[in-house]
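Listed below are the structures to be examined.
Next, two complexes with subunit A in common: one pairs it with subunit B, the other with subunit C.
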Partner chain A sequence: MALKETISEYRRPLLGVASVVGLTLVWEIAYTYFIPLDPFFFTKPSLIGVAVKDQTLSGELWKDLAISSKAFLWGFSLAVIVGIPIGVFMGWRRRAEYVLDPFLTALYASPLVALAPLFIIIFGVGLTGKVALIFLLAVFPFIFNVFAGVKCTDRLLVNVVRAFGGKEKDIYFKVILPSILPYIVAGARIAIGRGIVGILVAEFYGASEGIGFAISRFGDTYRLPEMFAAILLLMIMAVIFTEGLRKLETILAPWKIGQEAR
Partner chain B sequence: MSPDPNLITRHTGQSRIERNSRALVRIGVSALARFYREREQPILGAGFILLLILAWQSLPAIVSLPRGISLFFTTPVEVVKAFYRLVEANEIQSHVYVSALEFIVGLGLAIAVGFPLGLVMGRSKVIDAMLDPFITAFNATPRLVFLPLLMLWLGIGIWSKITIVFVGAVFPLLINTYEGVKNVDRVLVNVVRSFGANEWQTMKIVVLPNSVPYIVAGLRLAIGRALLGVVVGEFFGASKGLGFMIATAATNYKVDVVFVGVTIFMGLSLILTHLVKMVESRLSRWRLEEAKTF
Partner chain C sequence: MAPCIQATNVSLTFRPKNREPVTALREFSIEVATGEFVSIVGPSGCGKSTFLNILLGLLKPDAGETRLNGTQIAGPGQERAMVFQEFGLLPWRTVLANVELGLELKGVAVAARRSRAMELIQMTGLAGFETHYPHELSGGMKQRVGLARALATDPQVLLMDEPFAALDAQTRDLMQAELLQVWDRTKKTVIFVTHSIEEAAYLSDRVLVTSARPGRIKQIIKVQLPRPRDYEMRLSAKFNEIKAEIWNALKEELLGRGAGNGT
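Presenting the complex of A and B:
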């Protein structure tokens, strides 16, 4: 009886786990007993598991990951530092919005990754090129989310601060900043995805180290288990960051949930 | 009471013609000011973009660029010239054709798979729960990680690009269709059900019309992802296509050709997203009232 209740309560996650485990098993069994495995073309979970163990124990993948993370952190921090003020400025000053909005919207909507080869030949295959590309891709989500956040700031609160003799500075730090916080987090969630795109493109295109380079090198040398291991690692990190920020978003702005549920 | 015109003439010493022309100028200026006031937003927006292009064009004339930079530098006029050159040589057309083919086939496949799958997931709790971990994982990860794998499996022909476009575009479509189905009004579904509608009829009468705006929004996202797939896919291993053109031009320091390619991509993506946005706002017009009351 108790088991039945537990099952019905956790039905959804149980089904999810079951399907992941089931697929892995089917994959493993099919390539062990039924389909001859061509190691230059495909691989199976047990081999990937061994590759994950070897790569993480030897520290090779961590080294590549650390190099990519460094570029990512630089580009991402620059995007935060530049994007938030531009967004606030655009949201708070009407004329600034008129001037900047069409230009930045056009850039945000277009595939800026197309500029990657140019960035690589200008800045080289090292850290600078990656940082520049990540910054370019990650800055727009911050600008536009902060912009939307400032637009949604409660005018009443602004007026209260003004009425009690608050300065322009007080409006920024006491009203605008707290109210745009959830929007910054939402921007960060989108920016992470775009930033990872930046890393991958830059490192596929021309690099000598990094997680993207590792993936493409494993591909070129037909080391499929290692390649899957690297992809898996990147996927796990992306899920942790994205879902973590999504959780943070719902904590900071629970009213958003109500909006989505409608 | 209006002042005597003769009085003014005596004071300022203006002839009637002078006075009239002054008045005309004043009317002209105020009309211009009104014109500006009414259209301040588009004027400032377009003005800024024009100003940037002008500044870009005149930069080499104002400051002399060091050799290292002038190698990577080009001007808008050069870019336009390069565009005409490529069009005349019939080069652009073949690149655009290949890229467009990859885009259309990939996006078409994504619609053909993502849309029905989203509908099924939205209606069936079991399938939803079973597919959810995969979709969360794949959606959080940029699908470009699979590019080397797809190159290995499918080679450098158009199929590897079609596949990368497909995996990029399918998730926004799937997830938005799913959201649309999930957000359908339960009451409406129950009404149709109690009048004896089966699953197919419920789908046709209530679920589909309700989720159309979500699906169109998903399509807009999917177009962006698809273009990303085309560009990046062609950077690494292709023999034709706009992305290939950009990558080869960059390695040969033909910066003007790089910008031709980038501009075409930008233009296409702006036009396509704008078209879908127009459809979106048309379709969700009736939705606005609901949003306002929130």
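Presenting the complex of A and C:
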């Protein structure tokens, strides 16, 4: 009975782990015994595991990951700092919306990675070029989510703050900012994905270090287990950022927890 | 003595884009004495809420003037505070922080506003709920926060825009009784907008019945019932006479125009 209860309580993590482990096993067994794919083109979990061990123990991948993370954090932080104020401004000031909207919509809709070669010409293959590309890709989800959030701000609350003597500044900080927090987090989720695309593209194009460079180097030399090890690490990094964001939301917006549960 | 609130020939027409202009108020005039409890009762859409928003300073009338203690009302001010029908609590603030809002905007120091807010939390029966968020409260509790928040800055005039309309009947009765107690202790001038004849009769010194849109004062009914009032009073013959009087004034307006929507 007690076991049954424990199982039902932890159903979510148990099933999640089981599905990952199960798929890995199926892949391993199928590749080893049933479908003899050419190891030149394809690999299996046990070999990837060995590669992860070797690469991380030698410190090679950590170094690459650290280099890419640094670029990511810079680009992402700039996107937050620039994107949120632009979104708020566009959402709250009709004229700003009309002036900025054509440019931003066009840029958001375009495949901005096409600009990667230009960025590398301008900023070089180092940190600056990567940061610029990551920023450009990550800033739009912030702008547009925040813009949508500001548009959904409850007018009653704006009136309440005005009625109690609030100035324009108070409306920004006591009404708009807290009410767009969930929109910022939603924007950040999309921005993480786009930012990682930014890292990879920048490092594929022109770089001598970083996780994207490692992936492309291993791929070029047909070292598939090592390549997958690098991809795996990148995936883990993305998951950590996304989960960290969820945690951050519960800390910053405790009033949301109960609302969502209802 | 100069009236606390004086509105003279106030008119306001809304001109929404792509739609017919709507005249909410036409030459609307009232006077309210200091410490008086006045209700405004009228058909839906007769501009009652609009009038409160003008007194609050959120809306400017096209014509006419509104004065508080003889001074023209130019915008929101600390002498007036509103209790909103839909509560208008900030969902990201606890009960305590919501009650503190007006004091915070006024620039009162943290310690002082905390102790003042706690005082009102006690008075409005919210003790023990200080750290709750609005979504954890029932409608009645939410409006207690709305009332405490309005009283926190110690305004002279309390504007109440159908404050109990969103509550169930029993909670409403309870809140009415509590409002009378709070009013008795704080001696505020109250302008109370409602659809309920019973509520208006029970709470008020005077009931102003307005005409259908555009709203004007149609009749003023003095409620000559002793105070403090209790629930049993609602069963008395005198109370029912007053209700009938209000109803008679209102009847033609309701029948004449049919029910509108929104206020």
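Some points to look at:
FYI, the second predicted complex is superposed on the first by the 203 of 262 C-alpha atoms of A that agree within 3 Å, B and C clash if a C-alpha of one lies under 4 Å from a C-alpha of the other, contacts with A are read in each partner's own complex, and residues count from 1 in each chain.
Criterion: a contact is a pair of C-beta atoms (placed from the backbone, for glycine too) under 8 Å apart; a residue touches a chain by one contact, two chains touch by 3 or more.
Here the structure is a predicted model, which means the values were calculated and not measured.
By the touch criterion defined above, A:L78 reaches neither subunit B nor subunit C.
When both complexes are overlaid on chain A, the residue A:I196 reaches subunit B alone and has no touch with subunit C.
Between subunit B and subunit C, more residues of subunit A are touched by B. In the superposed model, A:A109 lies in contact with subunit B only, and not with subunit C.
Contacts of A:Y98 after superposition: subunit B is touched, whereas subunit C is not reached. In the superposition on chain A, A:P117 makes contact with subunit B only, while subunit C stays out of contact range. By the document's definition of touching, of the two partners only subunit C reaches A:P178; subunit B does not. Comparing which residues of subunit A touch subunit B with which touch subunit C, the overlap comprises 259, 262.
Of all residues in subunit A, only 156-157, 159-166, 170, 174-175, 178-179, 181, 253-255, 258-259, 262 touch subunit C in the complex they form. Those residues of subunit B lying in contact with subunit A across their complex are 40-41, 44-49, 52, 72, 125-126, 129-134, 136-138, 140-142, 144-149, 151-153, 183, 224, 227-228, 231-232, 235-236, 243, 246-247, 249-251, 253, 255, 258, 261-262, 265-266, 269-270, 273, 294. On the subunit A side of its complex with subunit B, the touching residues are 11-13, 15-20, 41, 95, 98-103, 106, 109-111, 113-118, 120-122, 193, 196-197, 200-201, 204-205, 212, 215-216, 218-220, 222, 224, 227, 231, 234-235, 238-239, 241-243, 259, 262.
Taken in their complex, subunit C has these residues touching subunit A: 56-58, 76-78, 81-82, 84, 86, 88, 90-93, 101-102, 105-106, 133-136, 149, 153.
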